[in-house]
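Next come two complexes, and both contain subunit A; in the first it sits with subunit B, in the second with subunit C.
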Partner chain A sequence: MRLTKQYIDIKDVLFDSKTFIEDHVLHINKEELLEYIDDYRLRDVKIRIAHPGDSCRLSNVGDIVQPQYKVDGMTFPGVVDEIGSLGFGKTIFLRGVVVTEILEMPTSIGQFYDMTGPALEYVDSLADCIHVTIDAHPTEGVAKNDYFNAMCIASKKAAKYLAEAARDSVPDEEEEFTMKRDNLAELPRIAYVFQIFCHAPLTDSMYYGADGSMMMPIIIHPNEVLDGGLVCRNYYQANNADPTYWYQNHPMLQGLLKRHGKDINFVGCVMSNTPHEVKDKMRNAMMAANLIKHELKAEGVIITKEGGGHPQIDTALICDNCTALGVPPVLALKEFLSMSNASDEHVIFSTANADAMVSTGCRETVLFPKLDEVIGDTPFNDITFAFDIDPTNEFFHEPEGIRGAFSQLGVGDFSSEKI
Partner chain B sequence: MAKIKTVYYVNQFFGQEGGEEAASTGIKVYEGALGVAKSFAEAYGDDCEVLATIVCGDNYIAENLDEVTAEIVELVAGYKPDLFAAGPAYAAGRYGVACGSLCQAVGGRLGIPTVTAMNELNPGVALYRKSTYIVSTDANARKVKTDTAKMARLAKKLVNKEHISSPEEEKYFAKGYKRNVRLERRPAKRAVDMLLNKFNGREFITEIPLPPKEDISRPAAIPDLSKATIALATDGGLYPAGNPDNMPSANADRFESYDISSLDTLKEGEWVIKHNGYDNTFSNADPNRLVPVDSMRVLEKEGYIGKLYDEFLATTGLICTVENATKTGKQMVKYIKERDIDAVILTST
Partner chain C sequence: MISKELERAGIPVVQVANMTPVANSVGVNRIWTSASIKYPLGSPDLDPEAEKIERIRMTRSVLEELKE
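For the complex of A and B:
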């Protein structure tokens, strides 16, 4: 399976009477875009542009997605387009611009995004992106979940619409994603368990448009995720889930693919969910480990997770099951208990099999400055104390509150040190 | 420039009262810097002014640690200091514990930086490293000037709110917390490298240590459920509407109990979930789905269980620190054991 990502670099975005790309400038016909994403569940839809460096805060942010358009195929199948296979062929990606949802209904754990200041230290490549924001209120009588679902679809539609404008553009760069199958005999067979967080309706990710909460572990091709197959629909615990942008640019998958054929034989990826019930957790962990051992024939496995506390139990169970089958695991985890717990109490499991763990960073408190402009009318709230944060002022918060930061997929260059 | 007002603590030996024979000496307060306090102040610089040196015998404080600590904290508070220092205590156990206890209490009460020093063999290290900065010293008082200088350098950084480097560099015992660092090798690279090391049997260092293992054994089954009293408890944050006890929406360090003796069911609107960690829509619509009073009443009527206990226990478990969860758990156990309850159904979310 060979996927070619065709990157079009965007240096500026502006509104115009026509949607097109010229000299790295994306011109958007706002009316046409609004018509394209029109949904009876959304009202007063506003499209705005925020540039890196602007004194501007995006309040109550939902998903962030990179514009992509599949040439001769389906874009975001099951969400925007009809069902169709991903992971091969050519896909256009606009680089330097993202589509960002601004929610006008409070979620339980709110997120924000600043176009300048300390927040940008935590979001890696997102920091250089221009944000095309979609800000919409729910139509009267529309339930919260229906509204969030509509926002999720609207942003993916906009992402397709914008990237389609690059149909005839010459790519600035092309990147190939493939898993060669020859000359691998000498290399250790390494697999990856990508544990996603599908907890409840609208607290999930969609794979080819399917709600992941009832999903059993499956083997996927890494290219399918990098090609827009996995879409974030987590509106209730967004702080613990990655925006679609980080699925499209999955750091762990990309890192493994880069080393495939060099010092490892990356034999594949098992995607596994985080169910509620103990029985389901046990079954998932067993099945994931069986796939790793018997189908992928792995000799070592890396496990990452999304979500907060109880998903660590799934991670530990997969770790135990893999170890029992003779496949040594390494876990990569965010130390989300780090705010007030001693450094030897950062995970909620204590299996001796988890003796190799990589930290993707811990929590800390940061002062976010007052910024001139706020996009979005709805305040977001603080997870711990549940008070509304006034986005028009300065406030102390954790990087966890920044959409796209605190990813558990290995975004950025974070680790931790003891003090 | 305003001087950094400091209060210093030493034991009878460093307070020039005498050795073991003077260990029962009570609290004495000297104006200004005495003995090691003087070398500390000299190392700190002209801007440090030791207002008082408090001396106390090791036995006197060790025999009544909490009371004497409280008494000395009162004295310290009276000076409204900017900094509190104690020791070095080297390997002297009672002295180390006194220094740690005082630093912890003063820091907690006044919110000012506190520094002490001792040897790794001192029991004060394990007890108080989380609550104060403890500079690492030899076991014996051979290099008092060097040790007080190390204390002063760290104290100055704390007072000036400067960046505190790693425990190795600053020569203090790690407090046991962590902070973010940025590394050139990104997580994906570090994970694969670690896995290759593990796979090849080479040495590797985990970046996250495992917590100490706690074995929890399964209790014996109840022989006859039809005679048993069962209580309901939840960490899902279900409280009476209006949350009369002001329970937090995360990280609770206590629980409350609520009377259900006259209820066959929990009605929508009368009970509200205060917990930000999950979608509460359905449990708010039917609180029995979090705290199953309705089903338990059916089992009670059928005689399958003896009795549903008259109160249920509620707390909020979200992003709970181990410390707080343990605290709440112990309170709950105490509550259960003091009453005629045979088993508890704990519903989580």
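For the complex of A and C:
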């Protein structure tokens, strides 16, 4: 399976009478875009542009997605287009611009995004992106989950619409993703468990449009995720889940693919979820370990997780099951209990089998300044302090509140100490 | 942690929890496995009347555990 990502660099975005790309400037016909993403569940839809460096805060942010268009197939199959296989062929990606949802219904744990200030230190390559925001209210009588679903689809449609404008552009760069099968005999066989945070509808991710909260562990090709096969639909605990942008640019998958054939034989990826009952966790962990040992025939396994506390139990159980089958695991984890906690232990599980853990950062409190402009009418709330935060003013918050930050997939160079 | 401190003070405790591996690793003496993380004593698949009966049954079962 060979995937070619064709990158088109975007230096500026502006509204125009026609949608096209010229000299790295994306011109958007706002009316045409609004018509394309129209949904009976959304009203008062506003499209706005926020540039890095602007004194601007995006309030109550939903998903962030990179514009992509599949030249010879389906774009976001199961969400925007019909079902079609991903991971091979050519896909256009606009670089330097993202589509960002602004939610006008409160979620359980709200998220924000600042176009300037300390927030940008936590979001890696997102910090350089221009945000095309979709801000919409629910149509009267539309239930919360229906509204969130509509927003999820609208942003993916917009992402397809914008990238389609580049179908005749000459790519600034091309990148190939493939897993060669020859000359691998001498290399250690390494598998990867990609544990996605899914435990209920709308607190999940969608794989080819399928609800991730009910899934069992499956073997996937890494290219399918990098090609838009996995879409974030987490609207209730988004602080612990990654936006679609980090699936499209999955750091762990990209890293493993780069080293495949050099110092490791990357034998494949098992995707597993985080159910809300311990019985389901035990079943999934057993099945994931069996796939790793008997199907992928791995000699070592890397596990990452999304989500907060209870998904650590999935990680620990997969760790135990893999060890029992003779496949040593390495865990990459955030130090979740690192703030305001007297405990020396920064994770909630305890197993002797977790003897190789890599920290991808800890928690802290940061003062976010007052900014001139706020996009979005709905304030976001904070689970730690349990009150609404006024986005028009300065406030203390954890970087976990920034959409796209605090990723547990290995984004940036965060560790116990910031390097 | 609360369970352990209460027992240290001489008050017997049953911890109703679904994440039993955590309760186990902390060293809780009596663990009663609940329905789910999201609804410890709930059964969203049942109709409200049946769910009420099921909730009472579960609570009685927890109390029985306390006598052990």
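Just a few scattered comments:
To be clear about the criterion, the second predicted complex is superposed on the first by the 414 of 419 C-alpha atoms of A that agree within 3 Å, B and C clash if a C-alpha of one lies under 4 Å from a C-alpha of the other, contacts with A are read in each partner's own complex, and residues count from 1 in each chain.
By definition in this document, a residue touches a chain if its C-beta (ideal position, glycine included) is under 8 Å from a C-beta of that chain, and two chains touch if they have at least 3 such contacts.
Computed from a predicted structure; not experimentally measured.
On the superposed subunit A, the two partners subunit B and subunit C do not both fit; they clash.
Of the two partners subunit B and subunit C, it is B that touches the larger number of subunit A residues. Of the two partner chains, subunit B and subunit C are each touched by A:350.
Judged by the touch definition given at the top, the superposed model places A:18 against neither subunit B nor subunit C.
In the overlay built on the shared chain, the residue A:199 is in contact with subunit B and with subunit C. In the superposition on chain A, contact of A:278 is made with subunit C only, not with subunit B. Once the two complexes are overlaid on the shared chain, A:316 sits against subunit C while remaining clear of subunit B. Contact with subunit B, but none with subunit C, is seen for A:335 once the two complexes are overlaid on the shared chain. Shared-chain residue A:262: touches no atom of subunit B or subunit C.
Contacts of subunit A with subunit B, set against its contacts with subunit C after fitting on chain A, overlap at residues 199-200, 309, 350-351.
Of all residues in subunit A, only 199-200, 276-278, 309-310, 313, 316-317, 348-351 touch subunit C in the complex they form. The touching residues of subunit A, when paired with subunit B in their complex, are 108-109, 144, 188, 190, 199-203, 236-237, 251-252, 254-256, 259, 263-264, 299-302, 308-309, 328-333, 335-338, 340-347, 350-352, 354-362, 364, 381, 383-386, 410, 412-419.
Those residues of subunit B whose C-beta lies close enough to touch subunit A in the complex are 130, 164, 166-167, 174-192, 194-196, 198-200, 204, 206-214, 248-251, 274, 276-281, 318-319, 321-323.
Across the complex, subunit C meets subunit A through its residues 18-22, 25, 33, 35-38.
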